[in-house]
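Consider the two complexes below, in which subunit A is the common component and subunit B and subunit C are the respective partners.
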Partner chain A sequence: MEIIAPDKRKIAVRRGIVDKAFRGVVTAGSMISLIVLALIAAFLLYRGFEVFRDFGLKFFTSSKWDAGADDGSIAPSFGVAPMLVGSVVVATIAISIAVPFAVVMALFLCFYAPRFLRRPMTSVLDLVAAVPSVIYGIWGYAILMPHAKGWAETINHWLGWIWIFKVPVPIFERSPFIAGVLLAIMILPIVTSVAREVYSQAPQDQIDAAYGLGGTRWGAMRTVVLPFGKSGLVGGAMLGLGRALGETVAVYLVLNLVFKVNFQILASAGGSVASLIASRFGEAGPYELKALMAAGLVLFIITLIVNFIASSIVNRAGKSQR
Partner chain B sequence: MSLELHGTVHRGDFQRHVDVTADNGEVVAIVGANGSGKSTVIHTIAGLAALADGSLIVNDTPWDVPANNQWVSPEQRGCGVVFQDVRLFPHLNAVQNVMFGLRSGGVKRNDALERAMETLSEVDAHAFALRTPASLSGGERQRVALARALVMKPRVLLLDEPFSAVDERSHADFLQLLPRIVRETGAIALMVTHDHSDVSAIASRVVGL
Partner chain C sequence: MDYFHFDDAQAVEPQRPWTRRRFSKPKRWSEAAITCAMWVGFAVVMLPWISIIATVVVRGSKAFYIDYLTTDMLVNSSDDPLNAGGVGHAIVGSLIMVTLAALIAVPLGIITAVYIVEIKGRFAKAVRFFTQAMSGVPSIVAGLFIYSMVVIGITHKYNAIAGSMALSILMLPTVTRTAEEVLKVVPRELRDASYALGASQFRTTVSVVLPNVRSGLVTAAVLGVARVAGETAPLLLTSQYFVKFSTDLFKNPMASLPTYIFGNLGVGSDNAVSRAWGGSLVLIVLIVLLSTLARLIGGRTRRSR
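This part shows the complex of A and B:
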């Protein structure tokens, strides 16, 4: 017997004037942010288009950044490969350090911290997130770097046989490692904040079920809370990663910008797209400015992709928990 | 072994004085109207809610005596609970759910797996051992929840309407299985139920709330 599915019903909803007005306001609000985003991208593309056209793929693969001579005797050459690699390396170090600490801190705040400590600690954490990055940069340069230099020497001493921990010359200051540690400290509050929010929503009945079956507190964390918050944590980490990739001043102060692709994280050479822009913007000529705009567009797209991945993961997490 | 609960159980704004006693190898039925505090009694004995006053003493050990500030944490009580709303861990499959308590107690993975599969077989749930709770029917979930509690060989088995969703044949099987396990392990079983045939079939004592 053939089964014929009925046609889809069309339901017309007649909305009241207040509903229509509210819908208009929220639609306009969301459209404004999209329009601003599109305008930024269009502006960067417009200003950087000439450089993309002149250098093509070389702009992404070349390690040379030379504005050339004003009289035209030396042709300009622009490539962001070391800065792209540097951005990814520094952000990866930051995330690798920040996420485990964020998980531990969030679990402590949600489940272990005494009630009287919970609120002040949360407030302090939120406050730390609001400290301007230039302050972090100065602190990183003056206080963190002398200490982190010693940590880098220790890592190099014990793990120097691993290629990424080798250094061509024994100078351990202003390295991607130090920039990564500083960025980890900077993004720790935001990742912790997201993790705390997600963990605090872990279903209490599931936690009770774990206890009711002889589970320890750690067993309940491992079986209920961590899996429940896994995707939310990834979303938080991606937000942190977005900030780490785009961080300018702090990285500029503690990282030695060198136009050479470098994966050796303890060596005093590295870079990031954001700090390249910060360092060159003031003295750039018109054509170099275009190159910096093009670099800005690359960073903009990378950040957008990271945020897009983050929201997809968070959305998927929401669906899987339903 | 014996269990003696004399005191006020509470959850949120709800409070009620209860007296429950049970000896080892016994199935005690807890009956009462909706909202009479049956589930709260189960939660209190499991250590998921604290007594407001009175005492809960199991085998001469004070599990919860507010006046003396005595409290035994849930994981140290050795209870196995089947919750009214089942509460299987959604991201774990059936056998992993059953293994949870054993693994938390430090049992090695292979031993835990073996015991979990045996227990799933006992409740006729081995066929869907690798399926996640979302893909199981209500009755199948209840079987897994029962296996998850039984696998621990608990000293105190707490069952909150454990057979409400299982089919008639399985229901009859469980009514034979449960007293046998309780007898063999010398455990105490407290079962919340609305089904009078369950009470007359397996309960040696009835507590009315």
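This part shows the complex of A and C:
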């Protein structure tokens, strides 16, 4: 027998004038983040355009930062190569220290810590994530630096035959290594939070099954939790990287800015685009200010790309887990 | 015919990593060693955090004397003995700028969250994406942007308005994300009930959904405030530092706790550095208070549900 299905009913939404206005206003308001991002790019490009035009690719490859003389006898010359390299070096050091500790910390909080420790630790993580960077900076300068100097000397003593651990002169203060350690401590809370979030979503049935097969707790970590959280961890690390690249004040206080591309991480010479802006801003003339705007634009675009990648990884990891 | 649910079993298969790897025999000593390593790692991570809090409290309390919180630095220099001058102007300046920033960022953040959760418009995904991207804007870039747009372009002076605008850029993503989480937990039945009574979407949002999560939205605002209260870099470029109490939003620079700390560090003498530690203590206490407040308010929402 043939079944005659009724036509699908159409649902028409008719909105009143109030609703239309409401939706319009809210939609317009929600575009604020897009507008602000576009405005940032536009203004920095507008102010820095002249510098990009004058120096072109040299702005990225030159190591010279010279405001020139007022009477024009010395031509100004701007290049951010040492600062870009320095930013990347410092952020890399920070990430490679922070991620292993974040993994241990997250595993500890999810699976190893006694129950009475877990809840308060959440608050502690939130608290240290909220400690302002200027306080990390003053602490890093006063407390961390004397210690980290000793660590740097030890590394240099035992591993000095590796090129990156060499130093031209035996001065170990204000080095990229120390800035990297300080940044590692700064970004640890955020990387740990992301990792903990991901690990806590690891499928309990699989963990139980691992135990059921006679596996140890570490066995369950290694075979279930860690592979499960891999992409989430990468996303968290990228978030930390974005923060490390953009950090200004803390790095400024513990790093010696030197306009020379330097990969020797224990030497007292490093760079950071963000700190460059903070340190030169006060005394910059109009033209140097434009160069700083251009540097700011470069920093903005780099962190934007890093964060885009990070958030798409975290989002994807979040989806596949459910 | 019904044997086909083997399909399901196969679909699950790749999700079982242990089928591919072999467990080592459980060894008690290695397990104990790893647990031990976890505890050591935990201790190593906690050490700097404890050190930071302890140092700030110990060194910061040195700067305190009876009028520290209520005087400004108008007649004193940073090098003066620690029984004169204070941090009052910086506290007032921080509170003013952070409040202004909240007045800008909180409504916009809530509107953005309403768009994502309530209206679910065509651009909802894009808006979320850009909000996330915005949370990664380095604070100094926000400062440079406001400097180039407002300070150079409009006011030609460092002032508090520029400072609070820079802070609001950094505050917006935090508020949006928290408000979004809060709105998501409003039960659908509430909205449906409101629609069934013939209420418009505007009516439903404004008088049913938002009031229902009022305390959650307050939490979002407080979290945003805590996020920006310690921002230094953008304020160095926009509101700078000023030695005296000031409520002038447009004509003068304005002091704030972070720039007070940074400025005193720059002076470098023993007394100035002690002042910097004192400012750090005030700042940390302020942020802890705000975070606790946020948790208390947020906790109340959760319980009442």
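Everything that follows uses one rule, which is that the second predicted complex is superposed on the first by the 285 of 322 C-alpha atoms of A that agree within 3 Å, B and C clash if a C-alpha of one lies under 4 Å from a C-alpha of the other, contacts with A are read in each partner's own complex, and residues count from 1 in each chain.
Simple rule for what comes next: a contact is a pair of C-beta atoms (placed from the backbone, for glycine too) under 8 Å apart; a residue touches a chain by one contact, two chains touch by 3 or more.
A quick note: this is a predicted structure, and the numbers were derived from the prediction, not measured.
J.: Is A:216 touching the first partner subunit B, the second partner subunit C, both, or neither of them?
T.: both
J.: Quick check for you: in the superposed arrangement, does A:32 touch first (subunit B), second (subunit C), both or neither?
T.: So A:32 only meets subunit C here.
J.: Once chain A of both complexes is superposed, is A:76 in touch with subunit B (first), subunit C (second), both, or neither?
T.: neither
J.: Check the residue A:227 against both partner chains and state whether it touches subunit B (first), subunit C (second), both, or neither.
T.: Touch status of A:227: both partners.
J.: Tell me which partner A:143 touches in the superposition: subunit B (first), subunit C (second), both or neither.
T.: Second partner only, subunit C.
J.: Determine, under the contact definition given at the top, whether A:208 touches first (subunit B), second (subunit C), both, or neither.
T.: first
J.: Using the touch criterion from the header, give the chain among subunit B and subunit C with more contacted residues in subunit A.
T.: The partner that reaches more residues of subunit A in the superposed model: C.
J.: Between subunit B and subunit C, whom does A:235 touch in the aligned arrangement: first, second, both, or neither?
T.: In the superposition, A:235 contacts neither subunit B nor subunit C.
J.: Going by the contact definition given at the top, which residues of subunit A touch subunit B in one complex and subunit C in the other?
T.: 206, 209-210, 213-217, 219, 223-224, 227
J.: Hey, which residues of subunit A end up touching subunit B in the complex?
T.: The touching residues are 205-206, 208-217, 219, 223-224, 227, 321.
J.: So in the complex, which bits of subunit A are touching subunit C?
T.: So the residues of subunit A touching subunit C come out as 15-16, 18-19, 21-23, 25-27, 29-34, 36-37, 39-40, 43-44, 46-47, 101, 104-105, 107-108, 112-113, 123-124, 126-128, 130-139, 141-144, 185, 188, 192, 203, 206, 209-210, 213-219, 223-224, 227-228, 239, 242-243, 245-249, 253, 274, 277-278, 281, 292-293, 296, 299-300, 303-304, 306-308, 310-311.
J.: Touching residues of subunit C toward subunit A in the complex: what are they?
T.: For this pair, the touching residues of subunit C are 15-18, 21, 23-24, 26-27, 30-31, 34-35, 37-39, 41-42, 44-45, 48-49, 51-52, 55-56, 59, 108, 111-112, 114-116, 118-119, 121, 123, 126-127, 129-142, 144-145, 148-149, 152, 169, 172-173, 176, 200-203, 205, 226-227, 229-233, 236-237, 258, 261-262, 265, 273, 276-277, 280, 283-284, 287-288, 291, 295.
J.: Over in the complex, which subunit B residues touch subunit A? Could you list them?
T.: The touching residues are 43, 46-48, 74-75, 78-81, 83, 85, 87-92, 100-101, 103-105, 148-149, 152, 154, 158.
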